[in-house]
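What follows are several structures.
Across the two complexes that follow, chain A remains constant while its partner is chain B and subsequently chain C.
Right after this comes the complex of A and B.
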């Protein structure tokens, strides 16, 4: 009984109902919505977006922001592609190289934020230019095209409606959820995000939390960058350019508080799905291209508004930190 | 008083630059795109070839670090200070780029709006780029002919803030209308030339939802061309016929492998080659732009010169650069006589 009550009070329940209701409505209006290919398209979009959305989410959890998320994804993507094309590294080694690069970029963000005392906004604004500029300098705006077939297959293969990418995205989602909900470093990150002063007074190291969150964010951006290479079948320096807004939108639609202390992994996943569904609906319903942006904004506002209304009635709205 | 001194110093600086430009025998051409983009890669080769063929002192391709108007303007200022005395500029903004072009003109330095136009009244000598409407129209005609002027097509195009997009949309609609109901334009998806992931998602969403209804695809922007070619290869569909634009390797490979009918080549190579040559003639040999030349009109300007377009099918893919060079050669044959007046 209490489980049911908890479920009803979950901040993501409204989004879940929206996803289910929206999917049902689309399936009625457009029966081809339920074809395996179409579900695969939505799930591929989900897989790519949720990984970098969680990369921003772990930063939001500590009350910071990572403007360089897309630039890290871009740098890793072209490093991954370039390592295979130019250096002829095997896929696994190129992937390790990409992960290492993402880890280093994230660590640099964290270290600079911690040591300088400046806000993560300023630091990541600067590193955004550095990482993106490096990627452009290396490629001269030309993509790496010679991506091995196995990598391309990972971005294309599906079993029925299920894309192979789920094999990577789902474990990442589950691991991030467990990390934040059950593991001490994850709980410390949320505690720090909720109230940094209280967290430090209770013995939580600011340096450790900041370094950990930014490094984790770099790793997730790296994974998303390499997944995007697999999907697009080339490593172009344009990868990551559209990540910034989506990376904030999904966690926030899912109930995250920008000032830190609260991040729902389930909510983030549903936030990603809501935006993917709305985009899908606008294409399927052949909306006039000149009005797509207007409708997209209105529908997102409507979806979030409905969820917030439900939370307000139940009194479960996430607290806003005042400090 | 301080302001007056500043003004005097500014005027003196401009006069010095102007005097330098006037005395210069060496022509130093700067080719400046709006930002990093694969389309402009051929500018570099075109400039190098022009430098070699016409003995130009310098013809250098200089890329702003990113697509930001301020950065492009700053680069233009820096290069003019470094002694570049002729500019081929892709306008970062059709109106705002007139500002730095006017500064150059005030210092006696000519500029040509290249690959995109600045809006009249403009200090640019003229606009030298692809006639986007004609390219979209011809590409659609190739597609419709291959479909036997029957069936349903979709159009994937560029960003709506770019007025060229509307010209492309109208051109595709015109070609479809000429089939008198034989072909139906099912849907146009625009605003997908910003990022590859966005193009990939929307194109795949449409193919998943309405793929069975679609007989043909026309794309009139770089990223949608790449994404649609990748999508057709991914689903292994050779039933849907497609004509793309530009020469990305993904597009060329898809044509070679039979997934695409062909692509509408633009001529960035020729823009750089002929543009640099024109600057050599104007700055180095005192030629002027022929005011009575048969310029075309477009949405921005009444002084437009089409840099050429060509359809490249499977037989042209391996030597598409030769196709562009042929278009360039044809233009070059009459360019000076048509558009310049030399004493």
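Right after this comes the complex of A and C.
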């Protein structure tokens, strides 16, 4: 058991070394990398990405996927902006409205997946288009610009290198970590992801696990959507368009297995940092942004390949599910 | 070969049905046909301009394009997998055609063949990775869509090809009987070829058997891995055809024609086969269903557009249609199962 724990520790130790080594190398080549402004840029991107990456992570944990993650973020973002601009709601009420909407969207995904027994891929592909179409239909693809100053400030204020958004992102990361590692519903989610049949036979309710994971995913997407509004200083229906790949990349780079049962919150955070660092490095070295796409794709392939090897070495590979 | 032949009926349930028309397929196709007729009549009565030559022309064109996109995805859904990189491959294939025509100066048939080959090769890369790593095609193609699209943009410098040969463009603009796009005929040819492949050729039947139950197919001596790579390569080649068709509609080949990373193709790609009754778990195929599914999608899109519902709400409507179709299909499968259990 302690050997296993050591190995597990060594897993994200490697990622940590990659992040530190990469940062050090970048700092040597480009000294301006270590300016507070630059660190703030990386941390802001970390704050936004880690929230929706965990939103995908909790779904990956039960072996499902949520293609509608970005669409929920988008719908909530414009609902949040619209509630403040058109309905003149106070900020807290608009935020509660946004959270509620994200909860409902996530619950719908979970309920449909649970009731139909179909793969979450096709269900969330359908709801993706419903949520996104609704967001675009309401706004006619126009952003809401009149965002209150307090919201804008939350997205732009920083103390030295530390952005204010860390105040929201860090508690979410810690809470998700505790939830998955220490709390009964979180453990049940991972158990279900590891082996749905065994979990059900040992008394874990499939309905509860599926509904919980999808709802949680909706809530996290909602938070990420509203944080993006604060950062962009407007609520545009383009929010969430580019979440899909990064939301899978970060947990997978962090060691998550797409068939479910395993999700490392620390690994996911480091995965997000790796992606943010690559982005920043390529910007600073003035490399074509499309190299980011290529690198990210290769990184996902490398990470899943490594996870596969590790499973084989640990001898924990579940019988290959071909269907 | 003897082993293969005797084992196939057990592996592919469709084989047991004479003529291959199962209950499920028939009722699905009948339902879709009925829905299509009802919607066409309704829109013809309600939406002025729905039956105008211009609208029929654009309808036939989008049925042609989205039909081929759906058929491309269908070829890999039958393995129980999927291909998120389809749009990226389609654009890559079209870009190769553009390069061959404009930069390499190849004649049109050679350029088209080269594009087909490029699409097939990229698809085969997907298939090889899936088979060698035994990872699910979702994560493999999620990664390769990023890689393929990124490399294509880097190689091309994000510049498109807008000086295509006049004869090729003229073909795209033809109006048969004043109101039918030739792209619809391209789709019909692709559909017929696929129908022939899955119905009458050994390799097509083997692809279905491998998708229906890989373990059983493997045990009966089928080269399951090789068949999966073939399926992915086929998907890439058909995707390249779709890429060229989109280019013909636009009159130019541009890297952004399928949206960011080619992701805009995903909804039509899954809508058509799923509406048409191709099971996402693999092993089943309905070419006619996929074509009717595309017709359904395009008729609804065009009709709602003519009713001035607003283009953004159409996306919502399509999502609801997809949801309704899969839930209905599920309910029917459940009803059929309980019936067969009783009987």
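Note that in this section the second predicted complex is superposed on the first by the 278 of 323 C-alpha atoms of A that agree within 3 Å, B and C clash if a C-alpha of one lies under 4 Å from a C-alpha of the other, contacts with A are read in each partner's own complex, and residues count from 1 in each chain.
In this section, a contact is a pair of C-beta atoms (placed from the backbone, for glycine too) under 8 Å apart; a residue touches a chain by one contact, two chains touch by 3 or more.
Because the structure is predicted, anything quoted here is derived from the model rather than measured.
S.K.: In the overlaid three-chain picture, which partner chain does A:141 touch, first (chain B) or second (chain C), both, or neither?
M.R.: Both partners, chain B and chain C.
S.K.: After lining up the shared chain so the two structures overlap, which partner does A:293 touch, if you call chain B first and chain C second: first, second, both or neither?
M.R.: So A:293 meets both chain B and chain C here.
S.K.: Scan A:112 for contacts with chain B and chain C and give back first, second, both or neither.
M.R.: Touch partner of A:112: chain C, not chain B.
S.K.: If we overlay the two complexes on their shared chain A, which of chain B and chain C does A:279 touch? Say first, second, both or neither.
M.R.: After superposition on chain A, A:279 lies in contact with chain B alone.
S.K.: Would you sort A:245 into first (chain B), second (chain C), both or neither based on which partner it touches?
M.R.: second
S.K.: With the two complexes superposed on chain A, say which partner A:228 touches: chain B (first), chain C (second), both, or neither.
M.R.: Once the two structures are laid over each other on A, A:228 reaches chain B alone.
S.K.: Now for A:66: first (chain B), second (chain C), both, or neither, which partner does it touch?
M.R.: Once the two structures are laid over each other on A, A:66 reaches no partner at all.
S.K.: After superposition on the shared chain, which partner residues are touched by A:268: those of chain B (first), chain C (second), both, or neither?
M.R.: After superposition on chain A, A:268 lies in contact with neither partner.
S.K.: Could you look at A:35 and tell me whether it touches chain B, chain C, both or neither (first, second, both, neither)?
M.R.: In the superposed model, A:35 contacts chain B only, not chain C.
S.K.: Identify the overlap between the chain B-contacting and the chain C-contacting residues of chain A.
M.R.: Chain A residues touching both partners: 129, 132-133, 136, 140-141, 241-242, 290, 292-293.
S.K.: Given the complex with chain B, which residues does chain A contribute to the contact?
M.R.: It is residues 30, 32-33, 35, 37-38, 40-42, 44-45, 48, 129, 132-133, 136, 140-143, 145, 156, 228, 231-234, 236-239, 241-242, 276, 279-280, 283-284, 286, 289-290, 292-293 of chain A that touch chain B.
S.K.: Note which residues of chain C are touching chain A in the complex, please.
M.R.: It comes out as residues 80, 82, 129, 133-136, 138-140, 142-147, 149-151, 153-154, 158, 213-215, 260-261, 263, 266-267, 270, 274, 280-282, 310, 312-320, 322-323, 326-327, 330.
S.K.: Please name which positions on chain B make contact with chain A in the complex.
M.R.: The contact residues of chain B facing chain A are 36-38, 40-41, 63, 65-66, 160, 186-191, 194-198, 200-202, 204-211, 223, 226-227, 230, 234-235, 249-250.
S.K.: Considering the complex alone, what residue numbers of chain A touch chain C?
M.R.: It comes out as residues 65, 112, 116-119, 121-123, 125-134, 136-137, 140-141, 241-242, 244-245, 248, 252, 258-259, 288, 290-294, 296-298, 300-301, 304-305, 308, 320, 322-323.
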